[in-house]
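Note that chain A is present in both complexes that follow, paired respectively with chain B and with chain C.
Up next is the complex of A and B:
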């Protein structure tokens, strides 16, 4: 009934006989919403009536948005120009002092550089591994349903729990990894007490945790591909490698960009793995930006300073991810924009 | 350019399942044009995919110029296959698309470029060689698919799997013309799979009608039209379909009561006392082979419907023996409800015993 009356409005170009929530005719002539100037709508053909009540329906969502995004953002901006800390709590006016301090904070920039290396390398490795696994169970193979589910198991575990388990595995005297390495002759390694090893450990956990996500998206992409290009490639005499490079990979371009970006956004926030596995240590060798901001804000209670750090972090990430997205689109989705 | 021979070829998708393609023998002359015609699921695409090597037949052999190609995978059979959906490699330009089979063969770049240019010019794609293939129209994409086949000099056959289905009518016409020209120029064997009888009849020298995984009849379009081997072919080929009226055996003749239509019974039908059980008799005749006559003709009926096809009128008559359709030049002046007489052209009646052409 509703849609029919709507169509009638558009086609006949006059005030609708029936409108949501109640027929106009049922409203008193003085009703504010009901006063659609008859002469005006009749003279302007195909005029769409203005539904002012739409704002009422938008309001709840808008309020939530203001409460959880807009207000915190504006408040953070304000706080970043104050020197709110544990000694002088409250909003004062410190100008750009916090930003100046940030400029000289080598630990922050080092954390940012570390985060870039960590997220780019783990996401790329996740992409390669995820793609390989997806290709493996894409075609008709025995027990492929079993493998498809098996490969998803790491993703189904809570990240913090996963990190705790990995911390146990990496534990240098109690964990199972070092005895195994000993047994096969590689020898025990200082997994969580040497900077390089600790960084590698964080990478391993990240990759373990999120490769299934890549696998899932890429498998979905592979399964949605049409079969004809593959038949054509066979007819044209292309071998498996050439088929992958010329047919499969280009067709997977768009979904690959999507998957990589989703993961990159997630990876730019790496925090819980570091928190549980190494607490940023040894020293600051595995500290990521979000973890460093957490230390400054929640542990040292330097609210003003951590606000300045967060804001800069947000801007850098927004710009970087936009550039990465553009570059990936250009690189991997050739021909799609033509 | 090769002669393709199918020897007791058959296929089932599961070892003990039903035949998707029942055993058949067939030879396709080098440079000929053939059409596999039949409804969806009749096994025509299965047959095509067996020839191209995408499916391995469960029985029988495929021979190219007398050589068994069972051991050759698809790429080495040197056939081109054009699919229903235009297939282009999206990441490549038109030129790269056309050159792809040569790249796979490892042909030298200079030779490749020359060959691609020749084929592109022939197909009218010369101007778009450096454009991304993705930007082409559907019919151009189909030409690219075709071109990828032609670019190999030693192409044995071009297999076309309903290539015109997604193409606009006008472009369809052009594309069909190009296919014909290519066939004449390159002398390459072409096999077209289609469910469109007009497409099959206009394209092919020989049409192979298939139904339920079986080759029902193979012959020139004229043979299929004039001597349909079964009632199915009679109904499937020609528009409107062939008329069929149930007949009875009487005095050594099969006749349709009340129509004066009769044909002598062949000697092998029945045992003197008429056809045996399961040997139902039917007389068939084409709507094109009927003439309008006066109301007092031996065969007459009431006009129920009239519709136009081009300059012809198709008139449906109701008769106690069944509906009879006839094609006549427009301007008969008949209208529904009129009584009209018809006379079949002599020699055009066909007798079907148990749905198969007798004699």
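Up next is the complex of A and C:
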């Protein structure tokens, strides 16, 4: 049935349209199966529930999904409407008190603003560096395989362990970085004890650790590009910059958006680096939302309040990332295609 | 003698010999590393006589090594002696509170025995079993000083089983203070003689003179002070050490953190503000990175010989006195510096003191307890009394990384540190004199042991950090803290906080 319709559409010069088989009751009498006795046809309809068995196959996965994702989410929503803390145990009904309190919590909103700056700047730098490295080893260069593996090493290390190592590197008395800076005439810097430097230190660790992720995705994208457009560009006499701007970059638009979004989602949850490197200080200069929620929830044991903070954060991030995704699609995919 | 008689005698002799050997080996517990098994219900012999085969004890404790390592060690020993199965769960400090609290609140008897920070008693007390009278009467518990028995108690009930004693005190490089060149330098710069600081102003002054100077001649610069300044890394304790002499008037009773009557926070009163201003001022005399030092950094900075002075718990002092330390026997201990001007909140004025007001800050300390819902309370208390018996404690005190510090009268004997640890007599004397002085000081401050202490201290640390980083002035930062504390008190209920805080005030105003 489907193939006949497709042929018909093609003959009429239109794009093929999907057509579903007509219901059994509409079959002409000449239809080979139209000769099925009425009772048999009815039994066919009765067999429909048999197809519903497919849902049974979905059930285990569905249950796991409910248990792993939906239940904690629903539970968090419930907890956020309670005032569960160290002195009010359990799920009472506090209405929207936790959300009202959050509204006046300047430290939370400041942490959110700081996180936005941190995420956007680090992800963009990671994208630029990752793209550059991917372009470097995409071409035929010596020891290409070695460099591909080497660039992935930071990503394969445990974030907490790497943060501890970086903390040692940045240590202003005992770490190796300041003596090096001294030796080259730049001078020692207050890496973890001045707000601006501490923020920069967190950025450096994030960029170092996650640029390889960008590199990996973008390299995979580059390797999957067809060779014809590049040959055409070469024939047209395009140089490397022109080829990059007019061929490579536009064709990498979709995968770039994917890579940026995945990293943005991860970057919005930054916690280990801040925890180990600065504990949110000096002052509150490197405190991010995740770390603040950790303090409220785990240290201060304000379970209800931290649930409200988490949910609000989830909603804000979902909306923000959706908007970012749309903007990036328009800019990097549709814009490039136009 | 017939053959039969000879055989009988041989059998009898063999039996007697076997019994004697068995008894001898049963009484020899030196293989566990103890010097002497002090008799009593907590002794190795007494625990060895118990049979807990087939029973399981669940223990939650801190990560290895601090407290976690001795817990694991004594759990293994207890297992061997009694036949019990002891499951020890090690938890990083950041997770410990909630890992204990959630089972409490959800009424799951997840753990029988708990090791945690003693200041959490304000939160945990409803869920803890009282230490039975028989355990309170054992020699090891009777030797616990009144200060640490007070810390273990909630009202008139002992809910925590004492196994550690902590306090803040001053540590300094005695070799530098005794050095003629250093004395001359100080005299030249300040016009006065170099003495061990008696006030925090003097502390800052000494630190400033000796900062960024190679006073130990190793070619690397040295610095004046190492302090715990990193937010969320017990910095609040360092800050309270600095504030206490300015804000804890010896003649004004009724609260250091709050006015017990009104439950008004006192954290933004002039005494507290002065302490914070001096804390901020001292940053100039800290090593590079010293303004974000955690406890570990402070330990290694002073213990490694980088800084002239420091103050916190025993760890830095013990580190400095390790056998491989470059500054072994070059250090000394003293009471925390005091203040010559103390804020009197009753008169609303500063009072002057010729002899500085010295306040002993008895802060933190690990402790242990048994859960009220535990089905194994008999075995749990046996384990704790075994853990803290005299033999085990003497052994544990000698291992710095265990985190167990003096808390019994016998622990303040300098001879112990001279003979067992090889300390010089003068060092041992200053150490034990200081510790004993703190224990018996007339003006003491204890931690805020009330429900929600974590939240109160987290708020305080955030405020202090803002002043340290220059985000706010000392007054503005502490005004912010006071506002937050008011909100917390309002949420918990003023009466509830007052009832708990009365226990703290009772300890301070003894």
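Quick note on the criterion: the second predicted complex is superposed on the first by the 283 of 338 C-alpha atoms of A that agree within 3 Å, B and C clash if a C-alpha of one lies under 4 Å from a C-alpha of the other, contacts with A are read in each partner's own complex, and residues count from 1 in each chain.
Criterion: a residue touches a chain if its C-beta (ideal position, glycine included) is under 8 Å from a C-beta of that chain, and two chains touch if they have at least 3 such contacts.
Model, not experiment: these values are computed from the prediction.
Once the complexes are laid over each other on chain A, chain B and chain C both fit without any clash. The larger set of touched chain A residues comes from C, when the choice is between chain B and chain C. With both structures placed on the common chain, the touch criterion links A:284 to chain C but leaves chain B unconnected. After overlaying the two complexes on the shared chain, residue contacts for A:228 are found with chain B alone; chain C is out of touch. By the document's definition of touching, neither partner reaches A:182: not chain B, not chain C.
The gap separating chain B from chain C at its narrowest, counted between C-alpha atoms of the superposed chains, is 49 angstrom.
Across the interface of their complex, chain B is touched by residues 226, 228-229, 231-239, 242, 246-247, 250-251, 253, 334-336, 338 of chain A. Residue ranges of chain B in contact with chain A, taken from their complex: 52-54, 73-76, 79-81, 83-85, 87, 89-92, 100-101, 103-105, 131-135, 145, 148-149.
Chain A meets chain C in the complex at residues 83, 85-87, 89-90, 107, 171-174, 178, 188, 190-193, 195, 198, 278-285, 295, 297-302.
Within the complex formed with chain A, the chain C residues making contact are 94-95, 97-98, 101, 104-106, 123, 230-233, 287-292, 294, 297, 300-301, 306, 451-452, 454-455, 458, 462, 465-466, 468-471, 491-493, 496.
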